[in-house]
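Next come two complexes built around subunit A: one with subunit B, the other with subunit C.
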Partner chain A sequence: MPPIDGNAAAGTLAAFFGRDMTAAHGLCAACDQHAPLAEALLYGPAAGTALHCRTCGNLLMTMIEAPGGIIGAMPGLTRLDTRPAGGV
Partner chain B sequence: MTATPPQPRVNWQAATITGTDAENARTRTLQLQVPGWPGHQAGQHVDVRLTAENGYQATRAYSLAGAPGEDPALTVVRAEGGEVSPYLVDVIQTGDQVELRGPIGGYFVWKPGPRRRPVLLLAGGSGVVPLRAMLRHRARLGDDTPMRLLYSVRSPEQVIYRRELAGQADRVSLLYTRTTPPGWPRPPARLDHTALAGQAWPPEQAPLAYVCGPTTFVEHAAGLLTDLGYTPADVRTERYG
Partner chain C sequence: MAVISRGFTGRGQTSNRLPPGQTLTTGFPVLTAGPTPHVSTADWNFTLLTETGTEHTWTWTELRDLPQDSPHTDIHCVTGWSKFDTDWQGVSLDILLAEVETNAQFAQAYCHGGYTTNLPLADLRGGQAWIAHTFDGAPLPAEHGGPARLLVPHLYFWKSAKWVQGIRLLEHDQPGFWERAGYHNYGDPWREQRYWND
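Up next, the complex of A and B:
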C-alpha cells in the first residue's frame, strides 16, 4: 500500500494528547520542515503508528496503543506547536 | 478570539447500526446511533474497530458522511479482500454494533469563514465522502461560500451519492477515468491540467482546496493545483490509501 498521511493517525493522536493534533505543526529535527502532522507520511495500517517527515523521510514520531495506554516517542521533532497554523 | 475546538472523543464506545442504504454495488451507507454523540465538523472521521472471536482487532478510519447536525453516518466502499470494509458493506446489519472512536480530526475540516473564500473540492473515488459532508453543511446553513466539487470516478456504476449530486449540477462535475455514460461529452481521462483549470477558482480569489482519495490521486491532484498557482498551505489533503 502507498503511504497515507497523519489524518489517519488522528484517533491515536487524540487518545494520546487528549486533543486534536492533526492541525498541530511539527518541526522536523533533520530538515527544519514545519508542517501539520496531518501532512506527515504514514505507512499503515500497522500495529503501531509511525509518522515520517514528508520532505526528508525522517522518523518524526511513533505511537503504540497498548492495553491501558499509549507509548509514544518523538525522536525527530524539535518542536510541536498547537497554535493555529503553527504560530506562523 | 479563537474558540477552543470541542475535545475529541478518545474512548472506544459502542455504536449501533440503525439503518443501511446501498449507494451502488460495492458501497453502502451505515446510519449510526452513538450515545451522547457530541456533533461533528464537516470533514471529520471516526475510527472503527472490529474484534474477531479470537481477539484479533482491526481498526480503520471512516469519514463522517453527513453534515454537522445530522446523525453520524458512514459510507463504505468495499476493498476486495480487505479486512474491514467487506464486513461493513456486505455483512453488518441493522441492530448490530461496532466499536467507534470519534469524531476526530481538526485539519481536514471546513466551516464557513468570515472571508467566504471560495472552496474547491477534489474527490477521487471514495474520497468524495468527507467532501459531500462539506457540500451538505454549506447547503443546510444556506451559506453563500462559493463551493465546487470535481469528482473523479472510474465509471458511472461507481458513482456514490448519484442522485444528490445530480441535483447540484451547477456546482458538481464528474470526471470519468475509465468508462463514461453513453453520449458523455468528454472521453474517459485522468484528471489533467486542462480539466482542472476549467473548474478551479483562480488563485487570485484566494481559494481553499480540499483533496481526498487514494494516495496516487491526492498526490497528482495536489501537484496540479500547485502548478495552477494554489498556495500549498491552502491545499488540504487526506489520503485514504
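Up next, the complex of A and C:
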C-alpha cells in the first residue's frame, strides 16, 4: 500500500498534543531533514500511527491509541517546534 | 493487570476461543507500519544469530527441504480482531533451533524493512512457532509478510513478524518496534496484555 502524508495523522496528533501539530516542524535524527509533520509519510492501517521521514524513511514518531489516552514516542525526532514556520 | 478469563462464559463455543475484548472476523486485515518490502525467494534467506555471534543461515531452498508443518490455528490481532481456523505451512522453530547451540533466554526477530519484535526464546520452542511461507495453500503474499513470516499464534499477531529475515538469540531482552512504542512486552491475548503496563 502506498504511503499517505502526515495530515492523515492530524486527529491523533491533536488528541495527543492538544493542538494542531501538522505544521509543527521536526528535525529528523537520522538525516537532519527539517520538515512539518504534515510532510511525514504514514503507512497503514497499522497497530498504531507511525510517522516516517519523507527524505530517509527514518521512523520519526509513533502513537498508540489506547483506552483513556495515547501512548506516544519520538525515537527519530531530535527537535519538534510548534512556533509558526517551525522557528525558521 | 487484566483478569485471566479463559473458559466458559455461557455464550457458546465461540466465546471459549475468543480472547477477551476481541471480535471475530472472516477477513484477513493487512496491517503494516512501513513500506511493504518485496523480496524474491532467490534472494531470501533466514538467519539465526546466537548470543556468541555464531550464525546459521538457510536459503529458501534449504528451508523448503526441511520437514514441513501445517499449523491450523486461531490468530488474534491487538487491534481487536480474531480470525479462527487459519491454515499455514512452514518450518517449526524447533527444527531450526536444533541446529544452533545457545543459552539465550530471549529472542528478537528482525525483518526486511526494519521491523523488529521480541519474545522469550521459550515461546519459539515446543511446537509454538514457525517460519511460515504458505497461507491457505498458496504462497504467502507480500502484504501478509511473504515470502515468509514468523508465526507465533499464541501471542498477539504483531509478534508474528512479517518479512522475517532472522532471529537474534539474546541474553537480555530487547524490546522491538511496537514493544518500545507502548504495546505490551509479551502480548498474551488471553490475559489481554495489549499495552505496556497491562
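Quick note on the criterion: the second predicted complex is superposed on the first by the 88 of 88 C-alpha atoms of A that agree within 3 Å, B and C clash if a C-alpha of one lies under 4 Å from a C-alpha of the other, contacts with A are read in each partner's own complex, and residues count from 1 in each chain.
To be clear about the criterion, a residue touches a chain if its C-beta (ideal position, glycine included) is under 8 Å from a C-beta of that chain, and two chains touch if they have at least 3 such contacts.
Predicted model only: the values in this text are computed from it and were never measured.
Enquirer: Of the two partner chains, subunit B (first) and subunit C (second), which one does A:E39 touch, if any: first, second, both, or neither?
Expert: In the superposition, A:E39 touches subunit B alone.
Enquirer: Determine, under the contact definition given at the top, whether A:A8 touches first (subunit B), second (subunit C), both, or neither.
Expert: First partner only.
Enquirer: Which partner does A:T62 reach: the first (subunit B), the second (subunit C), both, or neither?
Expert: second
Enquirer: Can A:A73 be said to touch subunit B (first), subunit C (second), both, or neither?
Expert: Only subunit C; A:A73 stays clear of subunit B.
Enquirer: Which touches a greater number of subunit A residues, subunit B or subunit C?
Expert: Touching more residues of subunit A than the other partner does is B.
Enquirer: Intersection of subunit A residues contacting subunit B with those contacting subunit C?
Expert: 1, 3, 44-45
Enquirer: Per the contact definition, I'd like the list of subunit C residues that touch subunit A in the complex.
Expert: Those residues of subunit C that touch subunit A are 29-36, 77-79, 114, 143, 158, 177-178, 180-183, 194-196.
Enquirer: State the interface residues of subunit A toward subunit B in the complex, per the touch definition above.
Expert: So the residues of subunit A touching subunit B come out as 1-8, 10-11, 14-15, 18-20, 22-23, 36-39, 44-45, 84-85.
Enquirer: Could you list, by residue number, the parts of subunit B that touch subunit A in their complex?
Expert: 2, 5, 7-8, 10-11, 45-47, 58-61, 101-102, 104-108, 214-216, 233, 236-241
Enquirer: Enumerate the contact residues on subunit A facing subunit C in the complex.
Expert: Going through subunit A, the ones touching subunit C are 1, 3, 43-48, 50, 52, 57, 59, 62, 64, 66, 71-73, 75.
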